[in-house]
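Before we start, here is the structure in question, set down as structure tokens.
Naming follows writing order (A, B, C, D and E), and every chain is counted from residue 1.
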Amino acid sequence: MTAALPVLILLTSLIPAGVTFFLAQDSHGLRNSLNLGGAVLKLGLIVWMLFAVAGGATYEATLPLAPGLVMLLRVDALALLFISLSATLWFLTTIYAIAYFGAKPELSRFFGFFSLCVAATTGLALSGSLISFFIFFELLTLSTWPLVAHKQDKPSLSAARVYLAYALPGSAALLWAIIWLESATGPVLFTDPPDLSALDPYALRAIFALFIIGVGVKAALVPLHGWLPAAMAAPAPVSALLHAVAVVKAGAFGVVRIIYDVFGAANVIALGVGVPLAALASVTIIWGSLRALQQDEIKKRLAYSTVSQVSYIVLGAALASPLAMIGGLVHLIHQGLMKITLFFCAGIYDERAGVKKITGLNGMGQRLPWTSVCFSLGAMGMIGLPPLAGFVSKFYLGLGGLEAGAPWVLGVLAASTLLNATYFLPLLYRLWFLPAAPDATGNERAPALVIPAVVTAAAAVGVGLLAASPISPLGWATLIVTREYGP
Amino acid sequence: MSALVVVLTLPLVTALTVLLLPARARVPVVLASSALIVLAAGALALAVWHGGPVTLAVGGWAPPLGIALRADGLAAALIMMSALVMGAVALAAQFELTPDRVGARMGFGFWPLMLLLWAALNAVYLSRDLFNLYVGVELLSLAAVALVALSGSAQALAAALRYMIFALAGSLLYLAGVVLAYGAHGTLDIGLLAVRVPAHTDALALGLMTAGLLAKTALFPFHVWLPPAHAGAPAPASALLSALVPKASFLILIRLWFEAMPDLASGAALLVLAALGAIAVIWGGVLALVQKRLKLIVAYSTVAQLGYLFFIFPLAGGDGSAQPWAAGAWTGAMFQALSHGLAKAAMFLTAGIYIAAIGSDRLGDLRGLARTLPMTGFAFALAAITLMGLPPSGGFTAKYLLMTSAFAAGQWPWALVLAGGGVLAAAYLYRPIAALFAQRAQTAARPIPRAWQAVPLVLAALSILLGLLSAIPFDLLQIGRPAPAQEGL
Amino acid sequence: MTALYSGSLMPLAVLVWPLLLGLVPLVPRWREGALRVLPLAPLPALAFAAAGASGTTVLPDLLLGVHLAAVPGGALLLGMTALVWTVAGVHAALALKSGVQAGNFVGFWCLTLAGNLGVFLAGDVVTFYLAFAAVSLAAWFLVVHERTQKALAAGKLYITLAVLGEAALLIGLMIGAAAAEDLQITSVRAALPDAPLGQVGLAALIVGFGIKAGMVPLHLWLPVAHPAAPVPGSAVLSGAIVKAGLIGMVLFLPDGSGWGTMLIVAGLTGGFWAALWGVTQRNPKAVLAYSTVSQMGLMLMLAGAGSGGVAYYALHHGLAKAALFLCVGVMAAAATPRQRSATLVVAAAVALSVAGLPLTGGALAKLGGKDGLPAALALALTLSGVTTTLVLGWFLMRLDQHAAKPAAKPAGPHLWRGVFSGAALLAGLALALPWVLWAGATGLPAGYPVRGANVFAGLWPVLAGLCAVAVIKRWALPAQPPGDVLALFQGLRGWAAFPAWPGGQRLRHARSIRRPALRALLHAKAAEDHMRRWPRAGVMLIVAALVLAGLLGVAN
Amino acid sequence: MSLTVFALTGAALVGLGVYGLLALPHLLRRIMCFNLIGSGLFLFFGAAGARGAAVDAIPQALIITGIVVALSASALAVGLVVALARRTGHAALPDEDRAP
Amino acid sequence: MSLALDLALCALILGVALATVAGGGVFRAVIFFITYGLFLAIGWARLGAFDVALAEAAIGAGLTGVLLLAAHARLRRMQAGDAPPPAGLNLPAALAGAGMALALGWAWFALPVPATPDIASALPRSGVGNPVTAVLLNFRAWDTLLESIVLLAALLGVWILARDGDWNAPLGPRYHALSGGVLVNFGRFLPPIGLCFGVYLVWAGADYIGGAFQGGTVLAAVGLVALMANVVRPPRVSYALLRAAVVIGPAVFLLAGLLAAGFGAGFLTLPPALAKSVILVIEAALTISIAVTLALLVIGPPDDAGRSS
């Protein structure tokens, strides 16, 4: 059973993915129930495991591909943190996507790849060895491509091309790093940090840099972030997936794994690579915000906001102090909840009111109140207002920065707060304070679109409000850090 | 042993039978016997798996008088891969090369040539005798050239002739080496040559044989015949030519360098071989980028992919004994050969489907076909994953093993080429994929039977599966692995 | 599992009740009459304050562990805040139009209220920050309620500064929390001065609180936002909300640090300069706003000096200033000259109280504040009576003038009566409540306010001020736009319109590298055609054979 | 000594053939040169096989096989040349028509 | 004396070869090539390799020559028959050629004299007396089997070079022979003699010199003459007997090998007792196939063009 569970949890999305591909376009009922069923089953399994893992259990499944190429699936607390997020959001996004697409063509392909994407994310989260991490990382890259290209029009295809143009060299760098490291240390299992003494410090730094380039593409670290705003050409559920459920999260998660389970925080500090990475993350935070300011398309602005926000996670990991780590980890969840809310809402604005540009938001607060409330909550969470989720992460990051002896982090956080406010508040201002254009239309009579947004918005409030509770993401992140990376 | 004989002779028997059969019975017989050969290949692999290498002294005469055949893990794996590809090609060709579609000439000609090619491949995989290998390679070349010329167009004939010239020149160089080897040692058996008394002429013999085989394996800069030839042949034939034929001559290279004369290997020569391979990877990739026809892209991709194989020379065994993937490079290159075979065959078969559907393989005409022929588009994409070396495909396992040993051997530039080649592959394979996935089909496509569409999909899936289940082929490849592949040249 | 809460639930109820009421407009049926719940929202707080504000709630699971308990002096401030919000709520319920906007107003009013109360109840920094953010940011909606161009512009300035303040505050609190390794305000306060970055943290806190408290030169938003907000909004802003900044200073600034002196200097500067600058204003609410800046300056001075009477002073000021602002609304609603003069009388009474006319609540507040103050500062406080009289006298004049203009909209007599009684009630409280609380709050003898010296110290500045009022009535100062130093920043306008880089730049760049790349590819193709010719390829093949043989031969 | 003469003749034939194979564009000539190289190699091989005390039969057998194989290849090549010429009118590879 | 003879012979061989390479005109080159083959055959005889000499004369010189001549004739009809050799020396090619020649020349002197496989002791068990035949049909039978398949592959390759429209036409171009001319008479007179000679070569090959290939070639030549003389008509590709004739040699060979495997002796293992007869059967079958195949190789793919014109 302990071996079956990780596999089972992977299969809950892999099987729907595989079957969906072969479903006829118009078998909506079967497809929807398959995908939703998978999601529900997965959530159930995760809840079960949450309790078990909190009690100290670990689950492991091994599949040796070739000597040294070990596919190891392992449920630890960190993995669970990530998959609970992705599973929850998968479920909601599926509901949302079903409503979003209605009876548009190529749905079997879409949902197939969508589930595959989630399966890849799950696998990535559960990976217990570098090589399985890489395998799922790539699977994620590949399964995302058709989603970005889904509309098959020129912008989508070009976005998809840009995506691959960033992702594949990134993978090459990652593979390079993995192999360089493993050629000296043997296969790297996350449970058993490798002995790095075989490599000289310069080589280790180079390996670290390659690792960061590799996962940094996914995490949209500046200057590897160009694909993310471009990918906005994709439909809203895909954006939700890219920004919250899977892709950038995978990158950030990768950074955490690499720092804590491959190199080990102590080594990262000893090598002196943590601070440059933190600096890079900070640059990304600021740069993403600045670029977000310049966008007049809602989704583009949100995309740059993601660039900025995801680097919080990287920052937390790079600072390599327990509190920063907690902040980074919890932001993994928090950013996901908030950003998916924002993208859900952006999709609703687009789909139900035809609003793509920021100027179109004028007065939408009256027309689409639920959506606008959710959007506002998401935005304020991003700014870091208490008691919303973003505040908690930011607070821990700040404390962690001080703990790590990097007080400049506070400046970065403050600047980011200000910039976030600068690019989000005008949106709220338009939503609520400005009169709607005379020809503005729109309504939110689409519960399947609105409810997921409401749920995630509520969750974004809830996880902040109940942060100190042991079952909150913060509680879980603290558990991870104290149990697995504690002194 | 009986499986070995079946694998060796059944393609021949079938070829002869097909010549005598009426047109109606041709395809069923070929398919039935293909199935039998696949089974026999499986049985042979099992026999090797359980009992170690299977040896057969033909006619009961042991070397140096007679010819020895030996199925080690490598040969068994290649035979298995070839059988799968051949079976798949036969399945696809029964739709594609029907007499009413392509005429009685092609409808007849393809089948015996394909079977002769198969026979030649299996003969080469198994043979341990240098001259017997020469005859086998000649049979292979003649059948391959004939397949290239099958379509009968002027370009195809020119491509076939060019191929012929390269192949003949290669054969002669190889023959020269064989002559010197026998002249110096009185034997042609690889096993006996391994324990020979070294002679001064051995270097010349190995050099000549190697150069000849390079021309046949289409290593840069002797690849120039390959793209027009592979692109000019009918798609099922291209699949065979690209997926299997170069592997045979490469296998002989391996036999020579790792089994017959490993003592000769010198650093500089190894470096030259791998450097040519590296250039091939880049050059093939770059030229694939500028092609406008799908089959040419795929053909140049073969040039690039074959380049990886040559990293085996400086890397094999170079990773020390500490790591669990000892002999990584050797096994990695073989994985590359296997997975490339499956994926490349799948790719050419998809190209055949597109040509059958719209009558062209220009990228511009392929737009939107993923919607019309989703299974085929999916197959192409899967095969592309293998060629790019992305996990969890066989191509990835190959690249991983090669890269690991490149690092372990301290020769990281090869790893750079491996990584860069993957990116380049992504770039050149992206163009057809993007075209396929573009919004609207411009040309009305003729319907393609689903069974035909399924064939390349199965092959592509196999190439992925090779990565997912790489432990089994990995272990199989270790059986009878020559010692120099463990300790390095 | 820890218990969900421990301690008394009273402090929690104080906060939760307004939040619940804030949800009322969400129910469509109730939205129409939602304004009517406004006066109810502060009632638990009032009760809690009246009961002595004792009791602690600990909610370990909430946020990062919520501790609620009245801060020192919290009872006074809570009570004051509750009173101000109650009366302003009544005013709003009477004066504002109902409708969708009103629904929003109710929601954010209640949220602001909860935040305002929370500031006085927070025991840990996170709760404090939450409350502070709530009161700061939700008040944005109060500022822009009227959605006029002016209100929106004011809102923009307000939110900008509020967010800046939040950011500064966050930095300060994080530094403190990191140093204390604890989230309790008391620990943070104790840890801050000696923390590695303690001084930076303190500076950040002062900036954050200073913005809220209208500390010069961070007061910019006050004179702009107050005139723009609806009257009840201005009343709570000036009466209660700015006190959040003050309490922050009191709570977090350690005793005897250099920052106290800084506060004193800034406070005194604001105390006098803002009052004088107020005389240049024409809008009575702007004049009042400057008066608030001035008064807050005095309170900051008191806080900086460590006076125990800050809360007591703030109590009076809150009630009085809220009454004055409400008077502006009352005046607007006044239809008859009698109503106008009644309004003026009330306003004048409150103004005199604020100026510190002996025996008024304001005089008591000043006396309470002077207690234990260095003589020079006590003198300054006394002197401030002059400027306060001046600016509030000017206010009364402007109020009168303002009223002389035709009312924007005719209002019924019921409305006037209602809002007038509210203002009058607050005025009465401002005059009287300090007497009631005198002993408890200051610990001074009951006869202290009526001592001759004290009476004199209260009286002469008022008289001097009245003379000054007479002067400026004759020679009015030139009008200045509200927001004084803001004019300096006009050059920096367009902060939101970040310069957009031309999006095509990168593309052009890409194109410029694409051409050579393309050429290289074509070269490669030509080279390939060249190599394809057999004579070359064949020679290469023979050469390769011989070279390989040579290489092998040389090595052996 | 005779053997050496034959062997060196074989080597020279190979050289001649290689030259012709590389330098001559007409494909029939190339086929002849290919045969020259082949027979030169066989001659060398035959001489080598005759060095021992007894004449070694294996090289002879191999040479016969080789001759047949060479004929087969020549036949296919000739067929290709004729077919190409029938379609293009030239008995040379397309890009080598005007080879120097 | 013999050395001088050998030297002279080799000089001749080289001279003719040089003329083949450098001579002007493709036709002349072909003639020189045939001459070269004949001189080479003499050289083989000088080396004591009579089987090879016979093969070289029959196949290397004779059949290849006919093949080239026939091709040249067809090319000439397409105006592609001739191209003057490029003027001047192609230096890279010359260097490459010289390099190869020198390398092989050097190798001759560096070549050790190894121990060769002991054929003599194995010969009695091979079933034949001629060691070359023993090697070809017993010791290295697998080579020979593959070789017969190579021939078949070449034939198939040549066949598919037909144009689609010609596929069902008779094989090869039409030969015009004057009735009563030399060729016709020759064609009537030669075949019986050639047939006898060819069969003899196969029969004798077992123990003396000759064998299936040499015999088959003679028979093929006979067939060709008969064809050219219009004594027999060219068949079509679909002609079943033709295909059977092409296939029978390899088929019998393969069958023998498989039967041996089936009876447990091992693939292509001929029990010494039966070896002689089995080899004879195989040789007979092979001869038929070789003769037919070689002849068909020379006449080329089905071609309707020559007939209609």
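The rule we apply is simple: contacts are C-beta pairs under 8 Å (C-beta built on N, C-alpha and C of every residue); 3 or more make two chains touch, one makes a residue touch a chain.
Note that the structure is a prediction, hence the values are computed from the model and not measured.
The chains touching subunit A as well as subunit B are C.
Farthest chain from subunit B (centres taken as the mean of C-alpha atoms): C.
A simple rule picks the central chain: find each chain's mean C-alpha point, then take the one closest to the mean of all protein C-alpha atoms, which gives A.
On a Cα centroid basis, the chain most remote from subunit D in this structure is C.
More C-beta pairs touch across the D-E interface than across any other pair of chains. Centroids built from CA atoms put subunit D at 28 Å from subunit B.
One inter-chain figure worth recording: subunit B and subunit C are separated by 76 Å, centre to centre, where each centre is the mean of the chain's CA atoms.
Between the CA-based centres of subunit C and subunit D the separation comes to 99 Å, rounded to the whole angstrom. If each chain is reduced to the centroid of its CA atoms, subunit A and subunit C end up 36 Å from each other.
The set of subunit B residues that touch two or more partner chains comprises 65, 131, 135, 138, 142, 145-146, 149, 152, 157, 162, 165, 169, 176, 183, 186, 200, 204. Shared interface positions of subunit C, defined as residues touching 2 or more other chains, are 532, 534-535, 538-539, 542, 545-546, 549.
Subunit D has residues 14, 18, 21-23, 44, 48-49, 56, 58, 62, 65, 69, 72-73, 76, 80-81, 83, 93, 99 in contact with two or more other chains.
Here, these are the chain pairs in contact: A-B, A-C, B-C, B-D, B-E, C-D, C-E, D-E. Those residues of subunit E lying in contact with subunit D across their complex are 2-3, 6-7, 10, 13-14, 17-18, 20-21, 26, 29-30, 33, 36-37, 40, 43-44, 46-49, 51-52, 55-56, 59-60, 63-64, 67-68, 71-72, 74-75, 78-83, 85-86, 90, 92-94, 96-102, 104-105, 107-108, 111, 113, 116-117, 119-120, 131-132, 134-136, 139-140, 143-144, 147, 150-151, 153-155, 157-158, 161, 163, 211, 213, 294, 297-298, 300-301, 305.
Considering their complex, residues 90, 92-93, 95-97, 99-100, 103 of subunit E touch subunit C. Put simply, subunit D touches subunit B in their complex at residues 14, 21, 27, 30, 34, 37-38, 41, 44-45, 48-49, 56, 58-59, 62, 65-66, 69, 72-73, 76-77, 80-81, 83-84, 87-88, 93-94. Residue ranges on subunit C touching subunit E, taken from their complex, read 535, 538-539, 542-543, 545-546, 549.
Put simply, subunit B touches subunit E in their complex at residues 2, 5, 8-9, 12-13, 15-16, 19-20, 56-61, 64-67, 69, 103-106, 108-109, 112-113, 116, 119-120, 123, 129, 131-132, 135-136, 138-139, 142-143, 145-146, 149-150, 152, 157, 176, 180, 183-187, 197, 199-201, 204.
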